[in-house]
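Structures for review follow.
Across the two complexes that follow, chain A remains constant while its partner is chain B and subsequently chain C.
And then the complex of A and B:
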């Protein structure tokens, strides 16, 4: 799994794709390997406009590479005009440093591979395994396109202050209800000392494995 | 006429009659697939340098080496085929299902899905597979067509081929693959195919929210170049 590739990936769960949290995916327990790929300046220059730089910086940072330029290098047309013989051999300082930046990017984007580890969706928390350099994006059947949603109806009896108990409940079970849709709820007040009950209707996927 | 249309658990049917078969025959299959088909080659060579695209159902990755100026994220459902494809640099490789692709929507400059969609066993799933290809592409605007996809499927009309199917024959077939190498030499594996009638691929593309830019027939296959439909 090349670092460049991460820029072109999201979670495979359809509902996650519209969430900005699913991009980029986040690495966990990544083991890196350096491979050797021929440096191709024009390939890299051409591919640069298609890279989401902010996402790339997040990925690089997670893998411990903290020296990525904060701005995407600007792609200028080749500065050496080969048809003008007197400037062929003059290479300015900026060109040398630009070449260094591009070679470093080549190393990071194309030659640095995650051999083993996991990629995690920031929206649903699903983890994708990387084994021998190949990421496995096959979803367990309950998360795939055939996955049935189930309707869950339950009643909560809230005896304390309504707002306090509701937020307490939500925060303690936030993970459990991720990826679910609340489709309705009705509140019944049982009287000042009796508290409330809330009937909740939720569409949800069966429990995800973590 | 529709006797071979799979019934029951579709996912399990394709698991047995497509995914497991490719997993088993990967190495032998790959050794028979090395020459790029001319229309696919032309499509890839015509891409602008720096284009980023997908090869959905890449098999052994025989199209990855065609154009060294583009970047391809290739995926397949068979890990053994992905391992074979991963020899082609500087591209990238994933294990993924074409109905649940792990890619951003509306992003890619191009996609190819060659001899893949015909392995899905219901009309809805075939249209979904085409929709998944189209959704990954840069969207078309009123003024400009977005990303382009080349899709290839096996044709029903191939009376001069070794198989000899033609108009009026059953479109859902199990095609035997006889192993000619390795420890399982002589063993037969049956792969499921849906054979496309003339016009069916274009119909599915329109159903999936696309426009057909070009289409044709080449060596027992129907092909089409499609793009997301402009608003």
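And then the complex of A and C:
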């Protein structure tokens, strides 16, 4: 996954999309690798207008790249055909340093890949794993792992004859809360005369795109 | 004819194999009418050769990229299709194996183009394992391509998560692997009632996803998806949006008859 990618991503949780904290996602424990892509000045020049520079600076800084210019480099418009690598052929001091800035950006944006690590939402704290270069944005309900959203766990000990009223109570609660809350329980039988214990989980329904 | 990207490395036991629908997308996107449309829409610079800040690199997103054959075709032949090669590409799929396959298909196809013309192909940014376009920011997608699960089925299968590389090899756990593979393939076919449930979820977010100036989407539908009704619905989005049927194939009477609609701003 190229570093540039994160400039186009946000948290997959629908409720986070309106929060400014969900962009950019923050890299954590990132392992990087370099690929080799031929430098193409006009390609890079056309990518630059797409980049949210403030977000990119945050990303670069988190990954330990501290030499990113504080302002987006201004693009020197070629007066001739776009395909002419005019910047490279010039000799004046400012343009040479401009070329160095552009080449460094090329390396960082297009050649640097995140191979392992996580991306974290600044709003909900959800961590998206990156494994072998592929980030996983599937949300917990997809994963069948609800733990990040569990709010309450409690255990009820019930007499045998109360089992039925307990399940009535639970299902009425579930109805009350349906929408943004989920309720679930697991039943343990302790013995013919000792009744049951019920472990109850209450968790927020993950908010996804519908 | 632009060459079709190689997908010989794709494991078709668990990833949707390029089929009639995929090839219809390739034919449509490379047709004279569509390349003309796309070239005009994404023109990189004005005729005078002036650099134009308002026409940056197009961002292409394929939702449910599967084998990656369509995304690879568009990215590797960017110059032929868009009239410019500075295209940046993203692919998503719920199937992690498909994400891996797409990455390889696109990379190989771009490499093949570069052997002929060093600046002829775009760049793949990433493939992401995701539900539709859930992690993609609003308003940044210039070209969205979607070959959805469109086969009518009682319901859209719930996604079960199977982690590749769990150390459980095929020989140790054949039946489980077969079940996993079937599930992954089923996700690529089953579209729920009228085969349209997954497409509908994408359509709901499409006006937000697409770029306000250049946003364009190509969506494949089959006859049972009732393409006419879908196009009518898009017209209801307002005057800023247009929709047209731009490609079709298949049996005339059978439900497999396929259609591609183009939805665009302006």
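Going forward, the second predicted complex is superposed on the first by the 130 of 210 C-alpha atoms of A that agree within 3 Å, B and C clash if a C-alpha of one lies under 4 Å from a C-alpha of the other, contacts with A are read in each partner's own complex, and residues count from 1 in each chain.
Everything below uses one rule, namely that contacts are C-beta pairs under 8 Å (C-beta built on N, C-alpha and C of every residue); 3 or more make two chains touch, one makes a residue touch a chain.
Just so you know, these numbers come straight off a predicted model, no measurement behind them.
Using the contact criterion defined above for the overlaid structures, shared-chain residue A:17 touches chain B and also reaches chain C.
In the superposition on chain A, A:43 makes contact with both chain B and chain C. Within the superposed three-chain model, A:71 lies out of touch with both chain B and chain C [touch as defined at top]. In the superposed model, A:134 makes contact with both chain B and chain C. The contact surfaces that chain B and chain C form on chain A in the two complexes overlap at residues 1-2, 4-5, 8-12, 14, 17, 23, 37, 40, 42-43, 45-50, 110, 128, 132-139, 143-145. The part of chain B that touches chain A in the complex is made up of residues 10-11, 49-50, 52, 68-69, 71, 73, 75, 77, 79, 82-83, 86, 89-90, 92-97, 99-105, 107-109, 128.
Residues 1-2, 4-5, 8-14, 17-18, 23, 35, 37, 40, 42-43, 45-50, 110, 128, 132-139, 141, 143-146 of chain A are the ones touching chain B in the complex. On the chain C side of its complex with chain A, the touching residues are 44-45, 49-51, 53-57, 59, 85-86, 88, 90, 92, 94, 96, 99-100, 103, 118-119, 123, 125-132, 134-138, 140, 159-161, 165, 201, 204-205. Note for the complex: chain A touches chain C at residues 1-2, 4-5, 8-12, 14, 17, 23, 37-38, 40, 42-43, 45-50, 75, 77-83, 110, 128, 131-139, 142-145, 208-210.
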